[in-house]
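Each remark here refers to the structure printed beneath this line.
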Amino acid sequence: MLALTYDVGNIWLDSLLGVLALVALMTVSALMLIWLERKISARIQMRLGPMRVGPYGLLQTAADALKLIGKEDLRPKTANRWVFELAPFAVFVPTFAALVTIPFTRDWAIAFLDLGLFYVVAVTGLAFVGFLMAGWASDNKYALLGGMRAAAQLISYEVPMVVTLVAVAMVAGSLNLSEIVLFQNRIPLFVWQPLGFFIFIVAALAELERQPFDIPTAESEVVGGPFIEYSGIRWSMFFLASYTSLLIYSLLGSIVFLGGWEWPLGTEAGLWLQILLILVKTSLFIAFFMWVRFALVRLRIDQLMSYCWKVLIPLAFLQVFLNGLVLVYGWPDGFLLLTSGAGLALAMYIIYRAVDTEPRELRMVPARGGGSSAQAATVDATGSG
Amino acid sequence: MTVAQLIFYVIAALAVAGGLGVVLARNTVYAALFLILALLAVAGVYILLASEFLALVQVLIYAGAVTVLMLFALMLTRVGDLPETMTGAQWPLAAVVSSLLMGLLVTTVATSDWPGDADGTITRIPFEQLGEALFRQWAVPFEIASLVLLIALVGAIVLARDEDDDVEESE
Amino acid sequence: MEAVSQQIPLEHFLVLSAILFSIGVYGVLTRRNAVLILMSVELMLNAASINMVAFAAYASPAAFTGIIFAIFIITIAAAEVGLALAIILRIFRNRGTANVDEVDALKW
Amino acid sequence: MGMTDAWVLPLLPAAAFVVLALFGPYLPRKGDWLAVLAIGSVFVLTLLIVADFTDALALQGEDFAGVTNSIQWMEVPGYLELNFGVHVDAITIVMLVVVSFVAFMVQVYSLGYMKGDARYGWYYAVISLFVASMLALVLADNFLLLYFSWELVGLCSYLLIGHYSHLRSAAEASKKAFITTRLGDVGLLIAIILLWRETGTMNIQGVIAAAEAGEVGREILTASVVLLFLGAMGKSAQFPFHVWLPDAMEGPTPVSALIHAATMVVAGVYLVARLLPLFELVAGGTELVLAIGLVTTIMSATMGLVMTDIKRVIAYSTLNSLGLMFVALGVGSPAAAMLYLFTHAFFKALLFLGAGSVIHATERQDVSGLGGLFSKMPLTGVTFAIGALSMAGLPFLAGFWAKDEILVALLENKIAFAFVLLTLPLTAMYMMRVFVLTFLGEPKEPEAQEHAHEGPPTMAVPLVLLAVLTLVTGFVVFDQVGRAMGFPGGIGEVIYLYGPHAFEFNVAVTLGSIALVAAGLGGGWYAWVVRPQLPASVMARLQPVHALLVNAYYLDALYQAIIDRVVLAGARVIAWFDRNVVNDTGIDGPAYTTGFAAYLMKFQQTGKLPNYALAMVIGIVALALVAFSLKA
Amino acid sequence: MVQEHELEPETVDIGVNMGPQHPSTHGVFRMVLTIDGERVVDVEPHIGYMHRGAEKLSESMDYRAAIGFQDRTDYLAQFMNEQAYCMAVEELLELEVPERSEYIRVILCELNRVTSHLMFLGAFGIDLGYFGTSFTYGFRERERIQDIFEEVTGDRLMYAYFRPGGLAWDVPDNFVQMVRDVLPHTRQGLKDLDLLMTQNEIVAVRTKGIGAMSAEESINWGLSGPLLRAAGVDWDLRKDKPYSIYDRFDYDIPLGSHGDLFDRFLVRLEEARQSLCIVEQALDQLPDGPIMPEKMPRRLRGPEAEVYTAVEGARGEYGVYLVSKGGDKPYRLKMRSPSFCNLSALRDMTVGSYVADAVAILGSIDIVLGCVDR
Amino acid sequence: MIGIFKSMYITFATMLRTPVTIEYPAKHRDVPQRDRAFPILLWDKEVDEPFCTGCHACERACPVECMTVTMKDNPLHADEKSTRRKIVDEFWIDYGRCMRCNICVEVCNFEAIAMNNTWAGHELSKFDRNDLVLDLQQLLSQHKQDKIDAWVAE
């Protein structure tokens, strides 16, 4: 991070240091995130999680990484060599490139791009190529299936994601991430656009391929999907990229919807406060994503698609439309909150109604004459007793 | 040779390499991947031409969405990856004609006198201005384009639909 | 409107465009697979786009029509690819091949 | 609800039409309630408008020329300016009341009458459309809107006459009505275009003002007035276009009541009344109207005597009345015409609905198969009698006052007066005849009358309401009655169009007409009740006359002959030309040529796409090379 | 239209091998899926990877020694298998089981049913896509009950605790207290699973209407147990062919209505609750007394006879068909394993659904490969 | 959404509960008294010899045939120190085969064999499967050293 704060003076050296800092950040954060995820999953499942390597198992993932680096780099004999070996990079590089423009505080970023938001979306959208390459080149049916699923899912969910971010950019009047944060000032955007926030979270979950959208890598169906034939360092690159994406989307979410390094109590936060704020907000996202992963089951591919195209995209366009109305007619933001909130309620209602949530009653046939007459003859199957 | 020129040559080389890969690769998926390379290189060219917005559009839509369709189609149609069926029989003639065409074009470019060529100075157009122009001056073409997209979407769905699916759904 | 000096002559871009275009033409003429032909067409489209953007940047920065056109080309290309692939898919389903020289219903 | 808001009126039933036409089958009861609701609210709104109108009248007095509310539709600057809007004045108010009330009654009546019909929902949809277009017609402030709605009511009439489209006769009748009225409509259209060309405006008042200011050339004015009148004749079934109206009785009876008695057919009267200033500007204009009216009146009065179909008899009586209205217009008394129109609407609708009740009960409409229904259907009998007597012109019923008004207005014109007097006993006689044959005497086909019974309340209530109105509307001619009802200057102010027109009462005329009517009635009673065999013997003696009358003066045959001989012959020539010259040579010829050429050329094709593409590129390169070499 | 269909070449189907080492096949089951895109066109189950010849082996064992093999068939519901086998031997030898033994058997069997269903509920969640959450919820409570079993029988899985005529030994003194202590935990675990899955919309879309079998089809395929009851067929051997002392308890048989995955899930959840009710009642009534008949022969010699006894196992009807030609060994022992019969309907349930559904459907059958292959 | 929120709630609730796992090699659960890991032989401390007489009863009853027993004359009996006339000579149990069915314990007439109920009986990972064949000394050592509180069913 040194490069970010001190101007070295030489543009090449500066960029190099920035990139190095990013690589370090990526690696460390990915290791930490993996550890965190294991811990959270353990606690949700009332386990302890990694405890042995380092205090509270903190170094467990580092040890794992070392092990992975040391592992033999296997390649199936019938795999398509070049595509197979290049696929991890095709996933890794876009993810890494997207991190370049994300500002961490008001003054810290490798590059402040005018088109920052657009850049992040465009570049992360390239990751599907890697999945498809990995799936195709592995010469494995599970991998191919997973690769196709991944590509279809990523492309589909990019649409609501982009449209929602467009809605944000509309009101912020800029695609520059820093300016979006500045625009939010005291009241973060998710207050005004709950619907957009919701769509962003769902789309991010899908882009990250986490439950309930982990269809491409579904363990119980396609056994890890495109990564099935990978091992060692290449596999860990996929893993690294996946957790870096988690970081990127969390950062993006906290910047775009939670107000980044700003907070409601004051606008001129100091550097350390800024870092703290963005860390906390990003952690909220990360914790939420991890929490969801262990609370929900996986959707089916057709359900995933229809949810995207029939629910999310129309709602995202609704959000854009509402923003347009507010902008053109200069209606108060409260209107946006109301309508967007109504849209969110609609989204939830759709989820509630689209599925057959009618509580099913089990027919209880009493055994031995009267049966357990103490209990009601029919037990509400969904009751939690 | 300035740094910018060096970058240009690298990117141009990548673009040409990608293009050659598309037309020469013996494997369809390779061709698609080369196409992605070429498209990304063209995006780089756009950046050199100071149109970052266009470059990002190129990355997002061309490299990010169009090629996935092609890859899908390649995998779905499972066109025989046999190398001997990849190239048609008229390739020698085609090569001659194409080279002739290239020669003609390059000659034309070289012999013509282009405006704004003197100092190699280009103008960066703020994308706000681009948006203004797109939605005011070019509003009608823009709407037509959206209509075309819609029609293409509907058409593609109708065309690609399997009749069996219809039967299943109607049941 | 900000002037950037990169000392790259306009011809460079035009020549690149010409080369890419010719490569695309060659691909269209020789490839048998419809999808690959489509890819070659994309190359040609991109060559044209480079041309237009280059002219817009060098010659007529005030109007920047070239950039607008490039945007439209990308848009229309997306539509075209979707439709073309659907057609190819249908041809493949009907005839079991996507090789254009086996689809010779033009001659009846 | 002021007069400027009158544009709402047509929109309500129009909306009902859209909903019914699109979603009718999915609505409960096929959506009939929607149509009734729409027209009901139209009626209520009409009353509000009338109240507003009388207020304005009280405020502004005689100078009140009506209210216009218009929006610009399109404009080609300096060339064309089209406005759509409504114009409300006295004549409009009368028409509005008539249309909305009768339509309301008829729709309620149809609830019972049309029940169980296969195309019930469609019926209501079309009748809503009809009401909408009729309202638009009377409200229109410009010729364009007027013409649109004019054609729309024609269309609805066509659809409704042909409602029982499985019957060949109904289909034929609808076609006949449509084509016949179309002949007149073409005149109307030409007239409108002519007037627009001359005055540069489509606005009716504007055209009238321009014509009065002498901006229109005499020839043009004459031609356009004649053509306008052609339209009015077609719509109002005046001689020689009257042939479609009796045939139109193939439609459902409520339709006959609404369209072919009370509203649409009086559109011609309305048009002439509205444009009477134009007619007066043209030499012989009013005389033309008068002549046509007289001919129609006499012909229909005579034909009514011999018709056996109950609905046709009433249809001829309608023709009779329409002729009378035109006569009144012809002598320059639109007030009398409008009064007659106003009262006529009620009792003629009453007559039709009564006839419909009979048909509903017995399922036949030929009086030769009816009789003795009075005991079974007393309500229908009484109301029908009231209607018939009113038509005949018995004192103190609605028809009496209006008819007398016309007679008074005719005093100037002795010949016309004489002819009209002649029709009076005839009218009375055939009304008596149809009543007697239907309701009195012995049933001629008893099996048909066994189950005859009164219709459901939805049918009975309109009958009663209309009968009451028939009894009382005549009295509105007295200012005292009008004032008592809340109209400041009496209702006469409303109905009489141009300036105050007090009711004129001529004792001699009245007594004379009463005598004639009584004679007619008595004659009828004598002929069909006292000596029922008399008509037959008279008929036998006057065989040629009877044949002439029964065949409606052979006009239908004449028209048919004209069509067969002239029109079809011409059509055959044109068809031959079209088939041989245009089609075979002009169209197929090039196609064959192209096809043959293509056959010759196809042998050089491989059918493979890359080859074509290559050829194309080679061509381009070659062209470019040529260009280069030329340049060099 | 018709012509176009004729022209259409065969769709490109992909054969996918699921198992025997696929993470979602329960045990070493292998199914060869033929898929068209994401849809399953055909399923071909392959079994036998775990065949150990338990039936044949039993023929060379005396009646006591063969109990061990019963544990190893349906290794998630061992007590029930032992119960069936012991009942067969008891019927053959006309042994009278003491009252106390019957009660202990019932308690252990029902607890075992709970553990089995907990296992199912956990694994079903995994098949649907839970990343281990439901599994640990189920296992957590299963483990507590397993501890009791270990205290009682001395082993965690292969109990070999029932004996023809009674039990191997008496339960520990604090047995009743132990079971009573564990019941609230089990209820809590079931409640957790209920909260986690029953109302979850995603679970609902993944399970409702999937793999449905009508009552008639279920009967035709010979399904039994929760699968059959989920289809709405009122058939439970404990009620309809009462064995042991099941006629002394009050409990309900839950029946589904649609026969789809969701109903199977609900039925098992409710069955586990009802089993806990039975356990409570049995604990209340548990008498003192001997655990083996008074005059127990040292060597078990059966007459020449054939017997068939069946119990309502956790997965359905677990039957033991015993042919004796005299002597201390069965001449022929045949086990009617519910997993095998239920698995036979797999193809019918799966064809036409999605790959993801195929996994869940297989999970919902809740097979135990030891039971299928024996 | 209600159900999804319920799922989220319950996962959050369990996150706050105490974990149920124990860190295995560091901490051990108490093994139940009746736990049966693998059979071992018992040592008659009064006489200072094995209880086992080598009567082959267990060997015969073993369903998986993992035991091999030989018998010899008891030298202590000759010395009048023991009541056992015969005593086990060699005893091998192949723990790799044993299916821990407890039948040997039940058929033993001398209560000479018991199932190990200590962790030592559970943790038997070896690098060579031959190491899983235990001989008489190994089988006896645990009880000899008082490491086991043998529980033998009647």
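Brief remarks on what is shown
Letters are used for the chains, namely A, B, C, D, E and F, taken in the order the chains are written, and counting of residues starts over at 1 for each.
Here is the rule we use: contacts are C-beta pairs under 8 Å (C-beta built on N, C-alpha and C of every residue); 3 or more make two chains touch, one makes a residue touch a chain.
The shown structure was predicted, so the numbers you read here are calculated from the model rather than taken from an experiment.
Steps from chain A to chain E, minimised over paths through touching chains, total 1.
The chain with its Cα centroid farthest from the Cα centroid of chain B is F.
When C-beta pairs in contact are tallied for each pair of chains, B-C comes out on top. Taking the mean Cα position of each chain as its centre, F sits at the greatest distance from chain C.
Comparing per-chain C-alpha centres with the mean over every protein C-alpha atom, the closest match is chain A. Separation between the centroids of chain B and chain D, computed from CA atoms only, is 67 Å. The mean-CA centres of chain A and chain F are about 52 angstrom from one another, to the nearest whole unit. In this assembly, the C-alpha centroid of chain B lies 60 Å from the C-alpha centroid of chain E.
Rounded to whole angstrom, the centroid-to-centroid distance between chain A and chain C, based on C-alpha atoms, equals 34 Å. The residues of chain C that reach two or more other chains are 25, 29-30, 32, 93, 101, listed in rising order. In chain A, 44-47, 294-296, 351-352, 357 are the positions where the chain touches two or more neighbouring chains simultaneously.
Annotation for chain F: residues touching 2 or more other chains are 1-4, 7, 10-11, 14, 20. Residues 1-16, 18-27, 29-33, 35-36, 38-40, 42-43, 46, 49-50, 53-54, 56-59, 61, 64, 67-68, 70-72, 74-83, 85-90, 92-93, 97-99, 101 of chain C touch chain B in their complex. Residues 2, 4-5, 8, 12, 15-16, 19-20, 22-23, 28, 31-32, 35, 38-39, 42, 45-46, 48-51, 54, 57-58, 61-62, 65-66, 69-70, 72-74, 76-77, 79, 85-88, 90-91, 94-95, 97-99, 101-102, 105-106, 109-110, 114-117, 119-126, 129-130, 133-134, 138, 141, 145, 148-149, 151-153, 155-160, 162 of chain B are the ones that touch chain C when the two sit in their complex.
Across the complex, chain E meets chain A through its residues 14-17, 22-24, 38, 125-133, 135-137, 140, 191, 194-206, 208-209, 232, 234, 236, 238-239, 246-258, 262-263, 266-267, 269-270, 274, 277, 354-357, 359. Those residues of chain D whose C-beta lies close enough to touch chain B in the complex are 610-611, 614, 617-618, 620-621, 624-625, 628. Listing the residues of chain F that touch chain A in their complex gives 1-4, 7-8, 10-12, 14-15, 17-21, 23.
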